[in-house]
Each structure stands twice: as C-alpha cells, then as structure tokens.
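Shared between the two complexes below is chain A, which pairs with chain B and chain C, respectively.
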Partner chain A sequence: MEFWQNSINVLVLGSIYVLIAVGLSMIYGILRVLHIAHAGIYTLGAFLSLSIMEVTGNFWIALILSAIISGFLGALMYRYVYKFVLKEERIVPLIVSVGLFITMQDLYRIIYGPYKYPFSISIPIPYIRAGNFYISPLQMLILIITGIILIGLYFVLNKTRIGVGLKACANDSQMAAAVGVNTKLTIALAFFMGSALAAVAGTLVGVYDNSVYPTMGSTVSYKAFVVVVLGGFGSLKGSVIAGFLLAAAEVFLVAWKGFFLPRDAIGFLVMILFLIFLPNGLFGRKER
Partner chain B sequence: MKKFLAFSLILALSLTLLFAGTYKIGFFAPLTGWAAADGSSALHGAELAIQYINDSGGVNGNKLKLIYYDDAMNTAQAVSIAYKLVQQDHVLIAISGSYSSTTRAAAGIYQRLGVPMISAYAVHPQITKTGNLIFRVGTLATVEGRAGAYLAVKILGAKRIAVLTIDNDFGTSLTKGFIEEAKKLGAQIVYSTKYPLGETEFRTILNTLKQSKPDVIYATAYYAEAAHIVFQAKQLGIYVPIIGQEGYDSPKFIQLSEGGSSNDTLITTDLNRDSSKSIVQWFLKTYKEKYGIAADMVSASAFDAVQVAAAGLKSGTTPNKIREGILSIKSLKTSVTDIEHYTKSREVFRPITVQIVLAGKFHFFREITDPDVLNPER
Partner chain C sequence: MLKVENVSISYGKIAAVKDVSIYVGKNEIVAIVGANGAGKTTLINTIMGFVTPQEGKIFVQDHEITSLPPWKKAAFGLAIVPEGGRIFRDLTVKENLFLGAYRIKDKSKIDNKMNEVFQMFPRMRERYRQIAGTLSGGERQMLAIARALMSFPQILLIDEISMGLMPKLVDEVMEAIHSLKSKDVTVLIAEQNTNEVLNIADRAYVMQNGLIVMSGTATELKNNSKIKESYLGI
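What follows is the complex of A and B.
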C-alpha cells in the first residue's frame, strides 16, 4: 500500500519537474542558452495567477491568463535581451540570464514583500481514498493538467507546421532559415511556449504548496537543469522521462532511508554520475 | 588640506550636536534573500519598540535611534556590518534580528570590539557562550525542547512519541532537549528522523511514521515546513496531537496550512497573545495597524531585544554598565515575552507559554512554570 501511495507522489512530483524542464529544454534546444531566468518566469506565473485569481475569483482564468502573459514576457525577454548577446561567447548569455533572474526575484520582493502568500483553491474533483491510499484533488489536478499539456505538446510538435519549424531550428537554424523557416518567429514561439509552461508549473506548485513567494524559483533555477541534463540537453522526450525518474529516485530513497541526503542533493548526485558516465543524458544528441 | 580639516571638524561638530541626546542602537537582519520575511518582521518589531520608548520619554531623557543594515543571511556581510556599526556608527549596543549562523559570526566581533550584543531570536547555544557581552532574548533551544517534552508527557500523557527534526542548529538543539527530557519523564521515542530546511514533501516520511503508532508527534520546524507537516499528516489520517515550537509562531503558519489543518496544533513559545498585559495588547494592535500584517514571535522577540537594550542603557552607556543593567533586570514590565530575569550565562529566565490553534487563531493553552524545566543553567 505504501508503495502505491509513494508512486502517486512520484507522479505528482515528476509532473511538476517535467512541466518546468520541458520549457527549458525547448529553449535550450533552439538557442543553446542556459536560461536560468526560466525560474523567474516560473515565479512570475505563480504571482500573476494569484493576483488574477484575487480579482476574478476564477482559477482557470487566472491559470490561462498567467500562462499567456508569462509567455509573452518570455518572448520579449528573447527579443529585447537575449537576441543582443547570442553572438557572444556562451558564458555571456548565461551571465545575462543569472542577472535577469536575480533582478526578477528582487522585483517580486519589492512589489509583493518578502512574505509567503497562501494560494488555496477549491476544485470540483472528489477526494479518492481507499484504506490508506488516497489521491487528493490537487494531486489529481496536477496529473490531469500535465497530461493534457504533454498530449497537446506532442501534437503541436509532431503534427503542425509550427512543430516542424521548431524542430528544424533546433537541428540547424541557418539551414532552416535557408529553406524558408522564419527563425526569429520560431525562436520567439519557443520562448512563448516554454515560458507559458513555466508559468503553469509555478501556479500549480503555488497551489499545491499553498504558498507563493519571491524566492520560490531559487531551487527550481538549478534543479530544472538536473532534469534537462539527465534527459539530454534539448531532448523533450528525455526531459519527460528524466523528470519522472528523478522524482522516483527522490521519493523512494526518502521512503527507504529517510532524508539521509536532502532531496536536492540526490538530484545532483544523479546528475554528476550522468555527466561522468553518460554526458549526453538519456536521449541527448552530440553537440556539434 | 587645511580646508579639508576645517570642513571635517565642522562636520564632526555638527554631527555631534545633531545626535546629542541620542543613544544609537545597531541592528542587523536579513532584509533581502530567502530569509527576508523574518528579517523584516524583526526590523518592524525593533522599530516599534524604539517608537514606544521614545514616545514615553526615551532612556534617561535620551532618544533612541536604530541604525540597521541588511545581512542577506550572509555571515561575511554580518561580520562587516559589525565592524561598521561599531567603528563608523559608534553604536552603544547591537541587536541581531538574524538567524544563528550570522549571529554567531557577528557575536565574536562585537565581543572583541567591546560592544554588547543581544540576539533576538537566534537559538544556537553557542551564541551566548561567545563572551560576557552577548545576551539572548529568545528562549534557549534546549529549554524550549524540555518544555515540549513536559507538555507531551506530563500534560498530554504521551507514552509513545515520534520526532521530526529540521536539520539545522535550530532543529537539532530543540530535539536534543526534547528527547533527553521525554526519556527522563518515562516516554519512549518510537520514531525519529531528520529532514532538510525548505522541504515541502513530508508524505513519504509521514507514511513511515504512521506505522510506529505514536501518541504525539514532536516536529521541529519553521512555519512553512510546519504548514506542510500538519496538512499532510491530516491528509494521511494522522490525527494525534502535533507539538511545535516558536518556529510555528506566525500567523503565516495558519494561513499556509490548508483547510484549517493547523487547528489543534500545540506550540511552546514566548508570546502569549491572550495575555492581559497592556503592553502585549498594545504591541499586537499597533503592529497590525502599522505594518498591515499580524505580529509573530520574531517581531515580538526583536521588540523585547530593544526593551532589554534600553534597560541596559538606563544604567549607563559604557559596555560594563550596560551589561550590569541587563543582568539586574527584574521582571521587565515593558517586555511582551515575559522576561523575568537574566541568568549568569546571559540567558533569559521566563515561563513558557503553550499556545493552541483554535478556529484559525493562536490561543492560550497552558503555562509551564516548573523551574527545573525552565532553568537555562541546568
């Protein structure tokens, strides 16, 4: 029974990792930028949802609007910041990204104050309980939303022109441009989609933990990279599988041994092992 | 050069004139970064105490002035702030509104430079052992742990206890005091585990904890972790009493724990919100009006740290006089956390209040007055 209960926890935790990492991986796949500020967008998404929810009182409107606004901000971030430093050495966009992230965190603190805000919603999903086993409505919500998003994403990437464009740019953006793909628009679109996913993840975590606060992206800023490295840089399929694998490693190690290591440390340990023995991750391609 | 000298002289003179009749109190706390919420609470509490004292005539006719800096929870920064407060700002006494690591680092500097320092709510036992000028306002962690054990075994009658410990100075020193006393009182520790700061997912360890069938859970935590623990425990059908400490003592604990799951939680703390003392009610009311959020244990401790500093300054402005002033405190009327007196190791002696969450508010449950439990020298 304990095993099944823990498995549900793996699915929920994994879903959140996947939502964050897929967006990041998408952006890396196209631009080869380590987009630390992704975690800033994640926090922004949570705050936006909270604020919109306060005004409208409707969680779904809040979630969707927050994803759209965050998506646009992500695209703007590319258009007005990254675009100018992409030609520099790879360390330059990385530093810019770290700077953006820190600025964003402090901006949230100035606007919202340093405190944690509760974010509770009531959703019409029943509480599933059988003996010691249970799935809470919020866990169900996270599983359903992640499921819908992953299926939608699969469809967009594999069955539409947008998806083909994204893949082409990720493979070789110069070649893609030569055959008529609007690369600038495609990159902006990758940022839009990735950032919208981050905002959804931030909102779901805010609701699940019932707390939204300026530094909630700190752990995410580096932990998302663990997932991306495990999955192989730029591989969306890899990120999805790695997200669930990491969650499973964390949950079952804690169930087995308690917190003999913090969960984050477990993630990093796995990442280091991967970097040594399988540097391209599960599904990574060799860098050119 | 002459001009510069003359200018400096005038500047120095005018500054002296400007601050004549002012006692300067230094203050440091994390106002940015992950600990900014506690840092801001501490600063607000300290500012309110300054306002209270100045409005009632100051100390020996001198106004108090708070000079504060942000340590961002960085020990190196706390150390350089210590030098700055003493050597440039010439404060008479300093107050830490920060956590244990920064406070420990800074305490050494204040002791060496000969300026008394008061730790508002940092609990590490080592802080006051730094030297004879370092005081504490919060209750020593081992004492608070003991009080928790007294509550569990003597008051609630628990025989089997499960313990969750947050893996830092705060948690481990509380748990140490708790387990020693609980065993002494005849209870059995049936489960004990540590978890890291900032953890949000307790379902896995709570699942294991449940198998040990405890009568009571003693969980050291700050309000964010605590909110997850009480909620997830109830979700898993664990309904035994959960005992917390001052780390839970924030209205945020109640706000962040979903579905009223904070109800029935018991905590050992220093702030009795149902106290009939006028200073306590004034503090709670004014704090809420001024800062728009309810006061917590951190702000109350910082408020009292300034009150203790003022009590010290009443006896004089040299480090030794301040020290003697603080050591001679006899039931400090202006404190909101019932400071009775200081022991020779510069720890507070006070009764510990047990609060219970009922209908989303902290309320008085019991007061622990057993001197053997409360004695920091034990």
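What follows is the complex of A and C.
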C-alpha cells in the first residue's frame, strides 16, 4: 500500500518538475542559454494567479491569465534582454540570466514583502480513498493539468508547423530561417510556451503548499537545472522522463528509513554523478 | 534573375568580399570558382541572408533584398544547399523534406514535388523514416539538395557540394544539378572542383582574395591558359 501511495506522490512531484524543466529545456535547445530567470517566472506565475484570483474569485481564469501574461513576459525577456547578448560568449547570457532572476526576486520582495501568502482554492474534485491509499483533490488537479499540457505539447511539437519550425530552430536556426521559418518569432514563441508552463507550475505549487512567497523559486531554479542535466540538455523527452525519475528517487529514498540526507540533496548528488559519468544526460547528444 | 552589385563584406578588419558584382540570368547555371578562402562561401551566405553586407545591393528580379532576413529571402524563391549540407540531423529525412516545403501550403503540390525528388534521388525514399544524422556523407548532400528543391526554388544557391564526396558521387550530383536547367531552376554554384563544375556551368566567375578576377563562359574559361594552370592543373 505504501508503495502505491508513494507512487502517487512521485507522479505529483514529477509533474511539477516536468512542467518547469520542459520550458527550460526548450529554451536551452534553441538558444543554448541556461535560462535561470525561468524560476523567476515561476514565482511570478504564482503571484499573478493569487492576485487575479483575489479579484475574479475564479481559479481557472487566474491560472490561464497568469500563464498568458507570464508567457508574454518571457517572450519580452528574449526580445529585450537575451537577444542583445546572444552573440557574446556563453557565460554572458548566463550571468545576465542570474541577474534577471535576482532582480525579479527582489522586486517581488519589494512589492509583496517577505511574507508567505496563503493560496487556498476549492475545486470540485472528489477525495479518492481506498483503505490507506488516497489521492487528494489537489493532487488530482496537478495530475490532470499536467497530463493535458503534456499531451497538448506533444501535439504542438509533432503535428503542427510551429512544432516542426521549433525543432528545426533547435537543430540549426540559421538553416531553419533559410527554409522559411521566421526564427525570431519561433524563438519568442518557445519563450512564451516555456514561461507559460513555468507559471502554471508556480501556481500549482502555490496552491498545493498553500503558500506563495518571493523566494519560492530559489530551490526550484536548481532543481529544474538538475532535471535538465539528467534528461540531457535540450531533450524534451529527456526532461519529462528525468523529472519523474528525480521525483521517484526523492520520494522513495526519503521513505527508506536508512537514508540520512535531506531530500533536496538527492537531486544534486545524482546531478554530480551524471556530470562526471554521463555528462550528456539520458537523451542528450554531444554538444558540437 | 539574380544581381549582386558592388557588394563588400568584412569580418572585423578582414575583408572577405571586395566590391563584387555578379549577374545570373534566368535558367542559367553560373559557377563561382576559386581557391579555399577566396570569399565564395561568404558571397553565397550573403545572398541567402546569413551575413549582411557592409556595402552594395542584391536584387532578385528587380526587387532589392539586400538586408532581408533569410526567411523573407526564401519567399523570393531563394534556396540554399550550404557547405556541408547542414541537414537537420536530429530530424527524420521526412521531416527534413517537409521543412524544405515549409512555405508551401498546398498539400498536393508538396506530394508531387516529393515524388519528383524521389525520382531524382531514389535513396531518399528508402531512407524516408530514418534520422538524417545517420545518413552517409553522400546521402546527406543528396538530402540537402532534395530539401532545397522541396521549396520550389527559383534560384538555388549551392556551396561546395563536391566536398568530401567520392568522385563517382560528384559526377552523379553534378548531373542532378545540370538536370535542374530543364526544370526552370536558376543555379549559382560555388565550387573548388573547377573541372567538374565547368562541365555543367554556362558561365563562371573566378574569385581570388575576395575579388572577381576573371569571368566568361565555361568554355572560354576551360580553354584559358591561366585557369588551366592554376585551377585545372593541366
């Protein structure tokens, strides 16, 4: 029974990791920029949802609007920040990204103060219980939303012109432009989609933990990085699998009584091992 | 059809192309020959929009396209087979071909073109579902040409297609390019393999250190003593 209960926890935690990491991986795949500020968007998403929820009283409107606004902000970040430093050495966009993330976090602190805001919603999903095994409505909500998003993403990437254009850009953006793909728009779109996903993840975590606060993105920014390293940089399939694998490692190792490290240490331990022995991750290919 | 007027390009202080003017007429095959580093690739990349020239103008059928981004140039009927092919390695042959036809909306047009391309390169039909990165060198070059043809190009830019190919394949590929003449495609081809390319070209320009130093019909150039000595090795 404990195993099944833990499996549900893995799916829920993994869903969150996947939602964050897929966007990060998508952006890395196209621009080769490690977009640390992605975690800033995640926090923004949570705050936006909370604020919109307070005004409208409707969680779904809050979730969708927050995703759209965050998506636009992500695209603007590309257009007005990254675009100017992409031709510099790779360390430059990375530093810019860290700077953006810190600025965003401090902005949230100035606007909202260093407090934890409760974010509770009531959703019409029944509590599923069978003996000791249960799925809470919030867990169900996370699983359903992640499921819908992943299916939608798979469809967009594999069955639409936009998706093919994105894949071509990730392979060779100059050549993609030569066959007629508007690469500027496509890259902006990747930022839009990735940022919208991060905002959804931030909102779901805010609701699940019933708290939204300015530094909630701190651990997340590193965790997402771990997932992307495990999956292989730029591989979306890798990020999805690695997100669930990391969640499984965390949940089952912590449940095992003999394990003495804190939960967040597991990911980093695994990442260090991967960087030493399998630096291209599970599905990554060698950088040219 | 394609006109390049007084184009100069430099990377920092190094001038790669100096005041170059060339002209390619409709359905012509025009070659740019010259040694490695003469500026051929830079010129081709500039016409496609990968590089923006500091000076000069580029026209396609009297429309100025000098500093347009590549995807807008593609809309003017330009397509490129770049040095090394630069196929989308992580995608399948099928996806590569469909990307070639990215701008084409009419499904039946795409299917017809696909059949035409398969007739030219039957190997592509056999490899249809394979990941492009797993193809052999020759197959990659074929895919690069096939991808470019999928866009219904009016002007095809080809860069160093013979590089790394075995002689038998070079003949095959050159033959394929020659056959484009009957299909209403205008070709500008940059090539180090002067002997081979002069066999299929109508005219040619000779580039040296970023300058056009000589031009003429392919026959004239083949019989020119200087060319014979420096490029044909006769």
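We adopt the following convention: the second predicted complex is superposed on the first by the 286 of 288 C-alpha atoms of A that agree within 3 Å, B and C clash if a C-alpha of one lies under 4 Å from a C-alpha of the other, contacts with A are read in each partner's own complex, and residues count from 1 in each chain.
Everything below uses one rule, namely that a residue touches a chain if its C-beta (ideal position, glycine included) is under 8 Å from a C-beta of that chain, and two chains touch if they have at least 3 such contacts.
Model, not experiment: these values are computed from the prediction.
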When chain B and chain C are modelled together on chain A, clash or fit: fit
Partner chain in contact with A:99 - chain B first, chain C second, else both or neither: neither
Per-residue touch tally on chain A - higher for chain B or for chain C: B
Which superposed partner A:161 touches (first chain B, second chain C, both, neither): second
Contacts of A:171 with chain B and chain C, given as first, second, both or neither: second
Partner chain(s) touched by A:279 [first = chain B, second = chain C, both, neither]: neither
First (chain B), second (chain C), both or neither touched by A:211: first
Included angle at chain A between vectors to chain C and chain B, based on C-alpha centres and rounded to the nearest 10 degrees: 150
Partner chain in contact with A:147 - chain B first, chain C second, else both or neither: neither
Contacts of A:181 with chain B and chain C, given as first, second, both or neither: second
Superposition-derived minimum Cα distance between chain C and chain B (Å): 39
Chain A residues contacted in one complex by chain B, in the other by chain C: none
Touching residues on chain A, where the partner in the complex is chain B: 2, 5-6, 9, 13, 106, 109, 113-116, 118, 120, 132, 134, 136, 209-211, 213-215, 218-219, 251, 254-255, 258-259, 262-264
Parts of chain B lying in touch with chain A, wherever the complex brings them together: 31-34, 36-37, 39-40, 167, 193-196, 198-201, 203-205, 207-208, 224, 227-228, 231, 235-237, 252, 255-259, 293
Residues of chain C touching chain A in the complex: 48-50, 69-71, 73-75, 79-80, 82, 86, 88-91, 95, 98-100, 102-103, 147, 151
Chain C-touching residues of chain A, taken from the complex the two chains share: 161, 164-165, 167-168, 170-172, 174-184, 285
